[in-house]
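Multiple structures are listed underneath, in structure tokens.
Heads up, the next two complexes both have chain A, just with different partners, chain B and then chain C.
Up next is the complex of A and B:
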């Protein structure tokens, strides 16, 4: 293990290299482009034994990655925003086929209007696809989860693909200290590739064929049960990771609690701004406000038992960096479903790169404590010029 | 923990009763083994997968052959003759 000052994108590229990924289907989209550039440079220098397939779209990137994985090798791709939306069909195809694939999503707003900055709507829009979905809060965690992802997806109890979310620019481009494990450490952690079936001309099988309604439904139930079974696998993989690879993580649970034991108020967050929330909580505690942070690391599988245990008997504020139009924040609805009788409020903010730091977090939490009916949408600044036109009636 | 819940969406290819020719075929391919050079062009081109390779020579699975004549057309050795069913 060695320390390096690298960005989230660099950290993920190193994780891909250390996991001995054999095929990557690549297509550039901001802000994850640097991952595939970094992988291409590594290959050029002869450090990486990966077949890099350059394709013409994200849909093809996932198709190429899926094909390689079905043929029996570790396969990886990365995307963001419109790219993930363009890939959407193949994302479902991979999960439904039960083939382990790992993907990084450098989260970014979805247009129109065009916006390259961070939010979580693109990532959250794949919530029901069957993928295991983890979200990192630091470049270190992005790397750790990417390595763990191969072990989790290739477990016989799971056999589902996994995506690792990483806040666009905030994590993908910010350089920070990362502990990079050695190749020997990762080799001792990752077992040889396993998957439920493989493309083999000597033993032909039909994939992607039509199933009768009852059989189809049975396969859907199988995905659901594999998601639930993966909770146990994730915890095992996390504990083993801390023992063999990077000892500084905290991966013995799916989600993470911060100063929640004695708290009256809990703030639920996901991603890089969890750290801003933790700093805000530290300062608010000096004002004798008993508040803690609950950080969601896994959206799927949803850690129902952990959420209920951590948040029961508390006033809960869920911060969403994504929105389900006409309904509210996705994390809010998930938390509310776990604790239907609890006092839960939701705030949607930080969309399209709106900057939410420690001070804004403090303002949101203070408002929540003082005026607990909650605020639904929070803007840290005056909203500037947005040109609104009256509707044009067509005669 | 039991893994009974793990089901995967694949199937093994097999010939089904639905693909059988029945009695409507009017011509059938007849392979002249003495002319067959074993190039397997008919095997590659047969749209129904009814060409069987036996000891380097070809035979036809008449249960599924539709009598389309593609094999006869692509055979470079003119070893497959289409003959009337009657």
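Up next is the complex of A and C:
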């Protein structure tokens, strides 16, 4: 293990290398581009054993990655925003085939209008696809979760693909201190590739042809059961990771609690701004406000038991960086479903790169504590009315 | 060793239990092609009739490892398989099996990308000139004048010439074939299998249901398409065009059979008027003029 000052994208690229990925289908999209550039540079320098397929679209990036994984090797890709939406069909195809694949989503707003900055809507739009879905809060965690992902997805209790979300620019481009494991450490952690079936002329099987309605439904149920079973696998993989690879982090649970034990109020967040929330909580505690943070690390599987245990008996505020239009924040609806009778409010903010830091967090939490109703969409700055038509100069 | 037609049909990897219609040209193509391909291949089957013809999972009538994929995913998925096989040190050909809809329309970008990268894959387009699996709607590969369920009074635009598009990619091997000429098809597949790099073979597959003819006449229609020069048989290898013997007569317009013979044996051209026939003939003439120039070495795509 060694310390390096690197960006989230660098950290993920190193994770791909250390996990001895054999094939990666790549297509550029901001803000993950730097991952695939970095892999290409490593390849050119002869440091990477991965075969890189430079495809012509994200749909093909996922298809190529899927083809390689179906043929029996560790396969990886990365995407964001429009790209994830463009590959949506193949994202489902991979999970439905129960083939382990790992993908990074450098999260970004979805158009129109064009917006390259961060939010979580792209990532959250894959909630029901069958993938395991983790979200990092630091470059360190982006790397750790990416390595763990291979172990989790290739466990026979799981055999599902996994995506790791990472806030675009905030994590993908910001450099910070990261503990990078050695090749030996990762080798000792990752067993050889395993998957339910392999394309092999010596044992010709057909994958994905027509199923009877009953068999199809059974397969859907098996994905659901595998998601639930994966909770145990994730915790095992996390503990083992802290033991063998990087001895820091808090991977013995799916999600993470911060100063929650004695708190009256809990703020639920996911991703990079969890750290802003923690700082805000530290300062608010000095003002005798008993508030803590609950950080969602896994959206799928949903850590029902952990969520209930951490949040019951508290006033809960869920901050969403994504929205289900006409319904509200997506994390909000998830948390509410786990605790239907609890006092839970949701705030949507930070969409499309709206900047939310420690001070904005403090303002939101204060408002919540003082006036529990009445805040749903939070803008840190004054915003005017949106003109849907371009304003024209009329005499 | 030369095989008789009966030998060809018996030495295949197509097992009983397919759910193809009687007279299905794709089944005929699979029998011939698998005989030529042999064992070391993985098939990527793109959405289309063949997704169904294999029969109900977990069984399969295609005795190959098969990856069924979404419409636009074939060439990319095969690229991934080829890469994986390379890293495993296995000599296995990744073969894409797609219809004309998957090729000319929705899969074009992915096909073009794989060709540009010169992926070591074999792409086979079984061209029945419409979306037959969904009930016979027009595709980019439907010829002008043909009636389909979405062009009931006849298609207004010409067939997209995919072999020409593929030749323009300058890939190592492009060929056309017809299920009416099994030996020719076999030879081409054998050659394509040995190519290191991208190869493309488009097989005309007359479809009794969409084209509206008796299921017993599939081979006859497939032959007529070639004899009337509607469908050319050629191969393009490293920039050199070879016209197959079966249609050398097409190089000269005077020795071609009239196209009407091909049109009147099917129901889909029943309502076609003289104007459309003329336009179809112009398309055929223009195609042959280009092929003639390439054949003489005076044109390179």
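We adopt the following convention: the second predicted complex is superposed on the first by the 382 of 395 C-alpha atoms of A that agree within 3 Å, B and C clash if a C-alpha of one lies under 4 Å from a C-alpha of the other, contacts with A are read in each partner's own complex, and residues count from 1 in each chain.
In the analysis below, a residue touches a chain if its C-beta (ideal position, glycine included) is under 8 Å from a C-beta of that chain, and two chains touch if they have at least 3 such contacts.
This one's a predicted model, so the numbers in the text were calculated from it and none came from an experiment.
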Practice item. State whether chain B and chain C clash or fit side by side on chain A once the two structures are superposed. Key: clash
Point to revise | Partner chain in contact with A:192 - chain B first, chain C second, else both or neither | key: neither
Check your understanding: Counting only touches as set out at the top, which of chain B and chain C does A:218 meet: first, second, both, neither?
Key -> first
Practice item. Answer with first, second, both or neither: which of chain B and chain C does A:51 touch in the superposed model? Key: second
Practice item. Answer with first, second, both or neither: which of chain B and chain C does A:384 touch in the superposed model? Key: neither
Point to revise | Per-residue contact with chain A, leading partner among chain C and chain B | key: C
Practice item. Tell me which partner A:157 touches in the superposition: chain B (first), chain C (second), both or neither. Key: first
Check your understanding: Is A:226 in contact with chain B, with chain C, with both, or with neither (first, second, both, neither)?
Key -> first
Practice item. Applying the touch criterion given at the start, work out whether A:98 contacts chain B, chain C, both or neither, answering first, second, both or neither. Key: first
Check your understanding: Is A:206 contacted by the first partner chain B, the second partner chain C, both or neither?
Key -> both
Practice item. Could you give the residue numbers on chain A that contact chain B in one complex and chain C in the other? Key: 204-209, 211
Check your understanding: Which of the residues in chain A end up touching chain B in this complex?
Key -> 96-98, 156-157, 159, 196-197, 204-209, 211, 218-219, 221-222, 225-226, 229, 232
Check your understanding: Which residues of chain B touch chain A in their complex?
Key -> 1, 3, 5-13
Study note, to complete from the structure: So, in the complex, the side of chain C touching chain A is made of residues 39-42, 44-45, 51-52, 54-60, 62-70, 72-81, 83-88, 92, 94, 109-110, 112-113, 116-117
Practice item. Enumerate the contact residues on chain A facing chain C in the complex. Key: 22-23, 25, 49, 51, 53-57, 59-73, 75, 89-90, 93, 199-201, 203-212, 215
